[in-house]
């Protein structure tokens, strides 16, 4: 299995397959690469907050799943240390969100990722940054 | 209505009552004060990720609800600008999480809050920091 | 004066000219655009910490100056709300640092900027993210 | 040497003694404990920015020194992974700043610290959060 196939196997078969919350959110994996992934999700009415707009926890969770998938795609089990998000545009029920994770830094112990979330009009709705600790334990694929 | 009663009315009747996602999570409001609140939530199996532990988006969402409630309790509509979270201990299905929001700074335009999340053993599971923009628009109570 | 000339005038004549600390650091302004700037700085021995490497406050300060210049270049006085930095590679005395600020989001009240710092070998040494509040007050140029 | 004496020896003799930038800033170590420290610093005119107020890099640097001292006080060499700061009140030349670092979390690999900066009127001027990686290498005391 080459690294690209391994990345897909880890994310699709081992992570997403068992990820109950990502499934509840209806997250679709559009693409997986080594150190990157693209997720898509349609905002449902159960995801709204008291202002009638998408709860910040939902957009964070989409980004956090993208972080987990992108950082584990190298084959080393990686866990989030610190994450931050800025919400730049209101998200409504029915919006179709795309989250693209890209790797900004990778060392033996740490990885830093940016996840940009856009809506169906290609407007940025949130900017997420995440740092992971690379445990050194390999995924068994 | 005094400020404390107003805080409770905004959070309980106007925010939580309409907050579909906080309801889905099963968030209970244990206490509301002026600039503070305490939430409680039991982690369900639908909230787990591909590692079989609580998805980071769930603990973030609990903290984010606490931020929204605490910052809006002053009677001024407030929206999140930037939030960050560090997960310090694994959260399991069945864990009973308490989130306490406290106000670190308040000016006419901005508020900064810390939310500490603990489990049933009183161990800190996450540390959250949030900055809100105070829009100047009053809640109609 | 067109917007580009105005940006340069604000940053070079009104901000940098009076910025004692940026001058102490020896910051050079390589380029200024609308919502962007590029700074350069050579690390001096007075900037080292107890490990004998560049103090994190110095690289932060270079990035923070870049944030201030980029965000004020629009002609509206802007002040930092929240900033974060991740140091990804050790910086030594004699290293020549380039900081490039780019605008990730701009609304009437807020701006979000990323500043990437690289060394003379074009290796990323720090990743900085800053959020500013746009006061609405214009620079008098 | 007991842990408290060891903490003081590491911070005072091994770190601060060789920390050129903290010395340039005029940082005084008021107190050192295990996982904590208190620093003090008077803001000089060389530390001002183009607005004529204290450069954000200076207050960050004071906090970052506090983070380094507090996290290394356990005797394990620790390096910053991710830090953030919110400036809550303008700092002027002549202001006397106190920075108190406290430990929010400690595991074998990671530590999380908060540093609160106040001025001579005991008003909070900045709130800093820092995460360090504990390398496992011991300080040789």
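As written, the chain order gives the labels A, B, C and D, with residue 1 at the start of each chain.
Keep this in mind: a contact is a pair of C-beta atoms (placed from the backbone, for glycine too) under 8 Å apart; a residue touches a chain by one contact, two chains touch by 3 or more.
Here the structure is a predicted model, which means the values were calculated and not measured.
**Q** Hey, which pair has more contacts between C-betas, B-C or B-D?
**A** Here the pair linked by more C-beta pairs in contact is B-D.
**Q** Using each chain's Cα centroid, which is most distant from the centroid of chain B?
**A** C
**Q** Measure off the straight-line distance from the CA centroid of chain B to the CA centroid of chain C, and report it in whole Å.
**A** 33
**Q** Report the inter-centroid distance (CA atoms only) between chain A and chain B in whole Å.
**A** So the centre of chain A lies 22 Å away from the centre of chain B.
**Q** Provide the C-alpha centroid distance between chain B and chain D, rounded to the nearest whole angstrom.
**A** For chain B versus chain D, the centre distance works out to 29 Å.
**Q** Which residues belonging to chain A are in contact with no fewer than two other chains?
**A** 81-82, 84, 86, 110, 131
**Q** Given the complex with chain D, which residues does chain A contribute to the contact?
**A** On the chain A side, the touching residues are 81-82, 84, 109-110, 131, 133.
**Q** Using the touch definition from the top, list the residues of chain C that touch chain A in their complex.
**A** 84, 86, 88, 104-105, 107, 110, 112, 124, 127, 129, 131
**Q** Along chain D, where are the residues that touch chain C in the complex?
**A** 14-22, 24, 45-52, 55-58, 60-62, 64-65, 68, 79-87
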